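Think of it as A, B, C and D in the order they're written, each chain with its own count starting at 1.
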Amino acid sequence: MAVILQLREAIGEFVRDGDTVALEGFTHLIPFAAGHEIIRQKRRGLTVIRMTPDVIYDQLIGAGCVSKIVFSWGGNPGVGSLHRLRDAIEKKWPNPIEVEEHEHAGMAAAYAAGASHLPFGVLRGYVGTDLPKHNSNVRFIDCPFTGEKLAAVPAHRPDVTVIHAQKADRKGNVMMWGVVGAQKEAVMAAKRSIVTVEEIVDDLNAPPNSVILPAWVVSAVSEVKGGAFPSYAQGYYARNNAFYKQWDNIAKERETFLQWIEEHVTGTKDFAGFKKSIEKVVAHA
Amino acid sequence: MAVILQLREAIGEFVRDGDTVALEGFTHLIPFAAGHEIIRQKRRGLTVIRMTPDVIYDQLIGAGCVSKIVFSWGGNPGVGSLHRLRDAIEKKWPNPIEVEEHEHAGMAAAYAAGASHLPFGVLRGYVGTDLPKHNSNVRFIDCPFTGEKLAAVPAHRPDVTVIHAQKADRKGNVMMWGVVGAQKEAVMAAKRSIVTVEEIVDDLNAPPNSVILPAWVVSAVSEVKGGAFPSYAQGYYARNNAFYKQWDNIAKERETFLQWIEEHVTGTKDFAGFKKSIEKVVAHA
Amino acid sequence: MPDGALEYTADEMMTISAARMLRNGASCFVGIGLPSAAANLARLTHAPDAVLIYESGCIGTKPNVLPLSIGDGELSETADTVVSIIEIFTYWLQGGRIDIGFLGAAQIDRFANINSTVIGDYDSPKTRLPGAGGAPAIAANCGEVLVTLRQNKRAFVEKLDFQTSGGHMEGGDSRERMRFPGKGPTAVITDLGIMTPDPVTKELTLTSVHQGVTVDSVVAATGWKLKVADQVSMTPRPTELELTTLRDLQARTAKAHAGQN
Amino acid sequence: MPDGALEYTADEMMTISAARMLRNGASCFVGIGLPSAAANLARLTHAPDAVLIYESGCIGTKPNVLPLSIGDGELSETADTVVSIIEIFTYWLQGGRIDIGFLGAAQIDRFANINSTVIGDYDSPKTRLPGAGGAPAIAANCGEVLVTLRQNKRAFVEKLDFQTSGGHMEGGDSRERMRFPGKGPTAVITDLGIMTPDPVTKELTLTSVHQGVTVDSVVAATGWKLKVADQVSMTPRPTELELTTLRDLQARTAKAHAGQN
């Protein structure tokens, strides 16, 4: 049953060293505020899962929180590479990280299988690609009716999934809309879950068949206004493309990266503090 | 690409003798009008698929359209048995029908597999039940990672799926809400599809993430006001429970059933005619 | 019956004692008919925070009147959200999110295995029943299962004509060995009393009889030699709140459905 | 160049000739970057009824400006509907509902197999690229695939460092034998010309060069001995409509994204 907590308390209680963590979001509603709090609380040895690791994963990796990444596309959307991810893979800085690489269709099947309490997901996938040569978690099975060969991936079962959504009500029922990615599946697949929201309201006023996560499948809900910045929250604010472009320069060098984390994340006490400190350097932050 | 047709034309063009047909609907939005038109056009040798065959399947079976039924729950909801289904199974009247019986979870997995172009669906199912003893389409596979034994069912791939929805726009984009059952999956799994709707409008005014079937995955759309009667259409009309209760007496005897079909279905030229003829015997029809 | 005590029927006692089994805050997958009446009575009395889920995809539904069908508009319009049938059976039921499954049955055996498929032979049935629906998945995946039905020798049988849903299978650890996700039936509530599985043998054991019902009459209404607990308790009478709430619910229901006739 | 002819860049020619390949009414799964520009140009010129689908779950989207990311709000707010990532990859892409897949690439070989994963060795890469994303599923499941990228010897290589997505594999019937649902790449459109697979060997063959580009220069920009058709046609110049529509789109895009900076 969801409890309404401050983000600091929620991360403190539900994200532990060595956990397998999914901070999901598909360019929309990316849980930046929660990611920063994980850095502030110095979590270590995390296995991080995400279809599209982007800037927040670059920050977690550079800050030394991550020992393994499971993903299918890693980049700075519309800009280029994730320099901290590359530095970790190519130069083992700040620590070596293990890589388990998939295609999107396989990650999607793994989340759906996890949500469905199945040990594996089946797909017509991993054909014509070298990925299976480098990933022993891709196997092939035969259809018991047609004999066709199909790919199988183990279910994702995160210890904790962290997402950002638009709204929750005071009981902790969560509602999201727009590009909803794999967030519902990631929460349903996880043992624990934290949802940050733009606002907590009296009534969700949900249209029929809305994308809802009832309070009883969520561990904690935290109100964090702007908590998806620099990504966007449909109905609240647009994507801050300037920040994504700036990140390329910040992350290129270890020194500028560490200085940035120090000044804006570990040097601030919460996301409001971060937003305040970043306004000086990014327009419309 | 959807064409907007009269229901008579749509059934005439897209439902053929010997087809595998799914008329889906889960107590809500049941395509009665389309079922009646199949009876009027005297289709024969149909394999009919449905999770919850109810009164419209009782009518199709009693009228001699059906040679096989694939289902997981067959009854008159809130009332009792389907007498025509029982007469066909128990006494082979008007013709013998083959029965392939599942549990709901298996039917759901089969529709999802069909929509996903997978040859089979996987589930934790068919355990503790005698169903597999009577259904060779239930098999068991081993998880390639954990070795766990799981059930598998072949994908449903209907030749044609027929559903009723609330709205379509003039291009043939379809929108439904409320209890949406397995209708989307049944349409996505099918080679052809017919959707009857309460009304065709200029603009669907769909909220984000609505349940939409784009025109290009639908073969034909027909406007049939009240086309789900005696079931209901959320936002349009309530379920006519009186009719469901009356059906029990109508269907109990072959003679009264044949007389009813003759008077109200084959004896009327379309669903409007049926509604008119039924008003005499059912209140609020 | 003592002076001033309320009068009530055996069916009312059955529904009320079944309702008492549903703890507040639990998520409950509800079958149509008797289970639906009991689950909603619980929600309207001691379990306001129980989350009722129907296989039509309605989650957290709060119907003001009892549904005739598993997908009535009353269920979807009062739900927290409505999902597809595919999702309700995958992410929610199989996903292990449901605490309690609430089922009815046509036949039940001593290990609370259930038949809702056919009376007589499967291929040439005496009576063809609606069939499995969601029952096998509910019986397999919910944390625990409650079963409620009227007790007589036609329903409580030595051997099921067809096993639709798994209870404690052949008893003992036979269910455990099959590695069902859920722990199976924890109580069977009838118009005569309450039976719970023996902790070891898992055989249904009469642990409570309703007011005015004798142990012998329950044994006589059972198609096998019913195991009886050393101490058989007496089911507490319906409270005034329980009885008036149930009767109001049924009155509202009759009125609403009549309104559609 | 003849009097009065429009001036344009090689990149504009590439995007315009890629756009021309998208037939009106087709459903098209669109990759970000060059494919996205080409697909939207097609929609704004000769293919108003093309259905554009992005892997973020946006179906039938009509962006007024080009997205920077695959899930921009501009895509979801102008879509016919938005579905989950799970659904877009199962019911839509794997479901066989998509006519054309539109991909970019970092490296491509003579059989139109593509690499978007890594330059150099996988375990100690020279350059780590973003990776597969939806590309392998797009290349496998769409009815046909169009690839667009700039042509030079770093991109057009004798041997891929890593095969991310399957084109015509080892050529001939090798793709067919693997029973991919889709028939694979039907054209590769670059800043220099257009290559299509030989009907039998499936080897990419230069069939058209853009205005002012020589066959030799295309061969020189290719890392293998490029096959050249007996008759190499000249790609028609951009029309004024194509060029102004593309430039207006790019101007709107720059303005909109600047507005967020």
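To be clear about the criterion, a contact is a pair of C-beta atoms (placed from the backbone, for glycine too) under 8 Å apart; a residue touches a chain by one contact, two chains touch by 3 or more.
What you see is a predicted model, and the numbers here were worked out from it, not measured in a lab.
Colleague: Strictly by the touch rule at the top, which chains does subunit A share as contacts with subunit B?
Modeller: Touches both subunit A and subunit B: C, D.
Colleague: Which chain is most remote from subunit C in terms of Cα centres?
Modeller: Result for max centroid distance from subunit C is chain D.
Colleague: Rounded to the nearest whole Å, what is the centre-to-centre distance of subunit B and subunit C, using the mean of the C-alpha atoms as each centre?
Modeller: Each chain's C-alpha centroid was found; their separation is 29 Å.
Colleague: Mind checking the centre-to-centre distance between subunit C and subunit D? Centres are C-alpha means, answer in whole Å.
Modeller: Computed value for the inter-centroid distance: 58 Å.
Colleague: Rounded to the nearest whole Å, what is the centre-to-centre distance of subunit A and subunit C, using the mean of the C-alpha atoms as each centre?
Modeller: Subunit A and subunit C have C-alpha centres separated by 41 Å.
Colleague: Multi-chain contacts only, two chains or more: what residues does subunit A have there?
Modeller: Residue numbers touching two or more other chains: 112, 117-118, 123-124, 148, 178, 180, 184-185, 208-210, 234.
Colleague: Of all the residues in subunit C, which ones touch at least 2 other chains?
Modeller: 76, 82, 90, 94, 141, 181
Colleague: Which chains touch which?
Modeller: A-B, A-C, A-D, B-C, B-D
Colleague: Touching residues of subunit D toward subunit B in the complex: what are they?
Modeller: For subunit D paired with subunit B, touching residues are 25, 27, 51, 59-60, 76, 80-83, 90-91, 94-97, 141, 181.
Colleague: What residues of subunit B sit close enough to touch subunit D in their complex?
Modeller: Answer in residue numbers: 1, 112, 115-118, 173, 184-185, 188, 206, 208-210, 212, 214, 216-217.
Colleague: Could you list, by residue number, the parts of subunit C that touch subunit B in their complex?
Modeller: Going through subunit C, the ones touching subunit B are 32, 55-58, 67-73, 75-77, 82, 84-86, 89-90, 93-94, 113, 117, 122-125, 128-137, 139-141, 162-167, 169, 175, 178, 180-181, 257, 260-261.
Colleague: In their complex, what parts of subunit B are in touch with subunit A?
Modeller: By the definition above, subunit B touches subunit A via 117-120, 122-124, 137, 139-141, 143-146, 148, 150, 152, 154, 177-178, 180, 207-211, 234.
Colleague: Within their complex, state which residues of subunit B touch subunit C.
Modeller: 26-28, 51-52, 71-75, 77-78, 81, 85-86, 89-90, 101-105, 108-109, 111-112, 123-131, 134, 178-182, 184-185, 232, 234, 238-242, 244-245, 283-284
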